[in-house]
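One structure, pasted below without further comment.
For reference, chains read A, B, C and D in written order, and residue numbers begin at 1 within each chain.
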C-alpha cells in the first residue's frame, strides 16, 4: 500500500517539474533567445576573425553559413512552440548551454558544471541548518507545551514575534559587523581559510566558517518551529487516547514522548519541512552576505553579471530541489502516519 | 451583513481583542507607523527626500558617513553637530548707491572635533560680490572667501569654506607656524576647518587643539541697485549629523527611514490584501464546487505551490527589470497560494456541517449558502491571515532590492540596505546605516505578527470537532 | 462485609470562571466483590465525573473536595499522583471510557499499546506478555491476529472489545464501564452485554456500569444507583428498582418515559423542564422543580437518604414517613 | 386506497461509485459501488407517520435524503401528491422544497450557531420570499414558535442556539420546518440525542403538530421501541432493502422476517430478573460491507433459517403475510 503511494507521489512530482520547466521556458523565452543570438553572433564574429586574409565576399559567405548552421542547431528557426519545447527538453536533460561571463573554479563556462559545483556547498549549510532547527524547534516546542503559559513559553513566543519579519541576511550583516569586525570571533566569510588545511583540520575549518551562518539561521528559524510544535502537541494532549494512556497508569514520560510526540509527528514534520523549504528559498541570498560559495552566492553573482543562462539553470535546479523536498515531505508523512502507510479498513 | 450586524460584530470583536495584550502592543506600533506616514513632512528634515533620494547634489551639505548626533552623549570628546543657522544680525550701510550689508552668524563651538565645512547660502537676483570672514573667540579675525555670486531667480547659491577658503587658511597657518613645520605640511591633506577652529600657534598644523568659544561668521554683501539678496543662512556640516547619521553618499538616513515607512506599509498591505483575497475566494470556490472542478483547481494550486518564491522573484526581476508596481504584481502572483490550503480545508469542514445541509433542504441556493453561512465565518479569518502575510511581502521586496533588482526610483528600507551593502557599511562599521533599516523591517514584521496572531486566536472559526 | 469499593461522602467540584460546579455532591455507596452496580442518570448528572473520580483523574478544572474512596479498605484520595499511578490505576481499578472509539492511540498497533501497559505494571518476559494478550483478546471474541492491526483498521465493535480486553488483562479488582454500548448498534450492543455477563461469571469481576439507558441497566446490574444533579436519588437491587416498587418519583417518572418493545404503550410520560444548573442548584431537593409530587418541605430542606426496605434507600421526603 | 397516497417510492436505488485503484482500472474491472439504497419501495398516506427502522449503514438516512431530493437517485421513481418528482426543474424543486421539510438528528448542529433564533426562523421565509413585509414575517415566526409551544415567543427570539436545551433546540428546528406549512416532514433520528425525560415531550409535540396541520412524517430511527410507540406503519431495512413492512403491532408483535426477529430479540427491556441469563439472539456473524452484498437474499449468510435456495438469485420480493403486512423471505412458510 505504501509502495503504491510512494510511486504515485514521485511520478506526480516529476510531472509537476516538467510542467513548471515548460512554463519557465515560455515565460523567459524572449530573454533566453536574445542571449542565445548574441552568443551566436559572438561565435560567428570569432569565425570571421580566424579566417586567414580572406576576401570580403568569402568572409560574408562563411559567417552567413555558420550563422544559419548555428540557428538550426539551437532550433531558433522553428516556430515559437517548438522552440520552447526544445528549450524545455534541454533544461530537463540538464543541458543549459554556456554562461556569458561566469566561470567555474576549473574555468569552464558550461552552466551545468558551474551549478553542479556549488550545489553540495549549499546543501551542507542548509541541511545542517534545517536539521538543527528541527531538533531545537521540537525540543523547545515540547518544553513549551509541557508548561504552557509558563515563563519559557511566553518569552519564546515573544521571540518568535520579534524574529517573525526579520530578514535573515540582515541579521547576517549585523552578526558579521559585531562578531567579526567588532569582536573578532568568527571568520568573515567563505568556505575555508585561504590555504585550506588538509584532512581532519579541513572539516574543522569548514565548521569554523559555517558557525556564524548556522548560528544566524538558527536564531531566525527555530522559534517559529517551537511555536508550531507547541500548538500541535497541545492539541494532541487534549485527545481521548492521551487521557486513556494516563488512565492506564503509564508514566508521564511515555505519555509525552511516546504517545503524544509520536502522534503529532506527522503534522509537525509536514508543516516544519514546508516552512523550512520556504525559508531555504527565502534565505538563498543569505549566502551572499557570508560569501559562502553556494547556490545563493551564485544567484548573487549571476544577477550582478546579468548572466541569464546561469540564472535560468539555477532557477530550474532550485525548483527541482524544491519539488524533491515536497515529495520527500509527503513520503515522510506517509511513513509516519499509519493511516496512509497501512491503508483503509481491514 | 447589514450595517447593524456589522457594528454589533465589530463591538464584539473589539471586546475580545482588548483582552489580548500582545495584540494591543502590535496595534500601538501600527498606529505609530501610520502616524509617521501622516506626519512625514514634519519628521523629515529634508523635504525632497522622496524625489531626490539618489540625487547626490541634494545632500551635498551633509558630512559623509557621520554617526548620529546622540553619539556625543556617550563620548567624552564631543564632535561638532551638523546644524543650519538661520538667525543672524544684519547691518546695512549705503556708500555711493551700493548697499553694504553685513550678516553676522553666531556659532557656539564647544566641540573637541571641529565641523568639516561651513557653507553660506543665499538667493536673489543679479551679481553680488561678497566677502566671508571668521571672527574667533581669541579675537583674531581672518578673511576666508572673497568672490562674486551670479544669482539667478529662484535658484539657491551656496559657497563652501572647505572648497573655496583653502588658500586663505594656508596663509593664516603660515603666519602662525615655523618655516620648518610648514615644509612638512602637505597642502592637499590640510583640512581648512580644523585649522580655523584650532588654537593658533606653533604646532597647530601637525596637532591642532580645538579652540572652543563663540565664533562669528561675517558675510559682507555689496548689493548693486538692481541686485537683490534674500533669506541667507549658514550650514555647519559637523562630524555627527541627524537622528540616524548619514551614509557614504551624505544622505540623511533618518529621512530615508521615515520615507520608507509608507512604502513598506503600501507594499505589505497591498500584496497581502490582493493575494489573500484571491486565495480565500479560490479556496472557498474550490471547496464548494467539489468534484472534478475542485481537483482541477487543486492541481493548479499545486503547480504554483511547487515554485520556490524568492528564486522566481529574483529571476523575473533580473529579466524584466520591474518598477515597484510590477514587483507587487509578481509577489501577488505567487503569494495568493499561501492561504488556499487552510481556507479550503475550513470551507470543506463548514460544508460538512449539518446546518449547511439544513439550508439546502430549505431550498437555499449555493450563492446564499456561501454568502450567508461560509463568508461571515471565513472573511474575518482572512483578515487575520492578511495581517500575518504583510511581513513576508516587506521582506521579499527588501531582499529583491538588496540584490539590486528593486525599484531604485523610490526610497525603501531595502534600497537603503542595498546602499549599505555596496557602500561597505559592514566593513566600515557604520552601524547606524545598517541597523536601523533592518530593525524597522523586523519591527514592521513584529507589529503585524502581534496583530495577526491576536486576530487569529479570536477569529479562527473553531469548528466543533465531533 | 467484603466490599471491594467503598465511597463515603465523595464531593468533586469543577472550579470554572463563574464559580464551582458541584458535579458530585456528597455521594456514598459500596460495591461488593463479584457484584455489578449500575450507575444510571441523565446527561449532566455527574455519572462520568464519578467514574473518573474513582481513578483520581478528574478532568481539569475538576478537583476532589472531600470524602474518601476506599479500594480494598485503602483510601486513595490522600495518595500522591505517582502512588496512584503505580498502585491503583489499572492495577486495582480500570475503566472503559465513554468514547471508547478513540481511546486507542492511532499511530501504534493494538498489540504494542497493550504490551506497553502490561509490562509497565508487571515485569514479565515478552512472550509471556504476548500469551496473556492473545488469551484476553480471545476472551472478548477477537482473533490473536488483531494484535498487528492499527486502530483505524478496526470496526467500532472490535475497538470496543479491544478496550474491554485492555481493561481486564491486569486483573483489576473493579472495572468501570462508562456507556460501553451507547454508540453501538442494537445487535452488537446485545453481543457486548452477553460478553460482559460471561466475563463477570468467569473472572468474578465487580463492575460499575454507567449508562443513561435504564433498559441496559436492568439487563446487567445487580444493584442500581440512580443519580440526579450530582446527588444520589435512589439505590436498590434490580428487583426493587425495576419491579415496580421504586421509591423515588424521579425513578418512577424515568421508567414511565422509557418506551417498551413488547407491549403497546398508549401514552409515554415525560418530565417537564430540564436538569438544573449545578452552578447554583435549587434549594432543598434538587428535583423539586420538576417533581409532580412536590411538597413544601421539598423546596426548603435537602431530603436525607432514607432506608425504604432492606438494601433499598431513596432520598425523598415522601419516603420519610411513608 | 381510498385517499391518494402523499408519497409513492418505487424501486429507489442510490449507488455511490467507489474510486478504482490504478490496477483495477487497468484491468478494466467494473467500477465497484457502495449500494447504499438498493431497490426500496413504499408509500406514505396523508396524515400518516411512516417509520424507517434499521441498524446504521442500512440506507435509511440515504433514503431520507433521496426523498428530500438532497441526493439524485441512481434509478427508481419518486411520486409526490400524484406528480412524478424524480427529475425536476429548478422551480419545481423550489415548490417541492416548500412541501417537504427535514428535521435533523443533532439539534445543535442543524442551526448556524451564530444566528439568533429569529434569523434561523427567518431563513426559509427569505429563501422563498414569503411574507410581504417584516411584520407579516415576524407574525409567521411567532405563530410557528407557538405551534411548537415555545412560548412566550419574545423570550426565545433573540437568544442563540447554545443558550437553549436540546429539547428546545429541536422545537426551534421543527418550527423552522413548519413555517412554510409543508405536507411531509422527514425526521432523521429527531430524538436520539435528547435526554430520556424530555424525549417523550418532543414526540408529543410532533404528534400534536401532525394532528393540527394534517402532516405526514417519514420517521427514521434505529430505536425499535420508540418506533413502536410513535409510528402508524413502519418498514425494517437491511443493507439497502426493506425486509419487512406493516403496522408496528404486527411487525414487532408478530415479526415474520428472521432479521426483524433478531432485532427484536436484541432489544433490552427495563424489567428485572434478566441479570444472570444471557440473551439468545438468532443471528450470526457481522454485517457485510455495502460494497459487496451477498448474492440472493442478502441476509442469508447471517440467517439461522437460511436454506440453499436463499443464496440463489433473484433475491426475495416483499410478499403479503397478513393484512397490510409484508416480508421479503423465501422461507416464510418454514419459520
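Methods note: a contact is a pair of C-beta atoms (placed from the backbone, for glycine too) under 8 Å apart; a residue touches a chain by one contact, two chains touch by 3 or more.
Everything numeric here is computed off the predicted structure, so don't read it as measured data.
Participant: What chain is the most remote from chain D, judged by the mean position of CA atoms in each chain?
Facilitator: When every chain centre is compared against chain D, the largest gap points to B.
Participant: Indicate, using Cα centroids, the chain positioned nearest the centre of all protein chains shown.
Facilitator: Centre-most chain by C-alpha means: A.
Participant: I'd like the Å distance between the centres of chain C and chain D, where a centre is the mean of that chain's Cα atoms.
Facilitator: 32
Participant: Centroid from C-alpha atoms only, then distance chain B to chain C, rounded to Å. What do you get?
Facilitator: Using C-alpha averages as centres, the distance is 70 Å.
Participant: List the centre-to-centre spacing of chain A and chain D in whole Å, with centres computed as mean CA coordinates.
Facilitator: 57
Participant: What are the residue numbers in chain A that touch two or more other chains?
Facilitator: Within chain A, residues 345 contact more than one other chain.
Participant: Where does chain B touch two or more other chains at once, residue-wise?
Facilitator: In chain B, nothing touches at least two other chains.
Participant: State the interface residues of chain A toward chain B in the complex, per the touch definition above.
Facilitator: That would be residues 16-17, 19-20, 23, 27-28, 31, 157-158, 160-167, 169-171, 173-174, 176-177, 181-182, 277-278, 280-282, 284-285, 288, 299-300, 302-304, 306, 308, 311-312, 314-315, 318-319, 322-323, 326 of chain A.
Participant: What does chain C use to touch chain D in their complex?
Facilitator: Of all residues in chain C, those touching chain D are 36, 42-43, 155, 157, 185-191, 193-194, 197-198, 212-222, 238-239, 241-243, 253-255, 257-262, 264-265, 268-272, 274-275, 290.
Participant: Can you tell me which positions in chain B touch chain A when the two form their complex?
Facilitator: Residue list for chain B touching chain A: 22, 302-303, 305-312, 314-316, 318-319, 391-392, 394-396, 398-399, 402-405, 417, 420-421, 426-427, 429, 431, 434-435, 437-438, 441-446, 448-450, 453.
Participant: Show which residues of chain A lie in contact with chain C when the two form their complex.
Facilitator: Chain A residues touching chain C: 239-241, 243-251, 254, 258-259, 262-263, 265-266, 336-339, 342, 344-346.
Participant: If you look only at chain B, which of its residues touch chain D in the complex?
Facilitator: Residues 353-355, 357-364, 368, 372-373, 376-377, 464.
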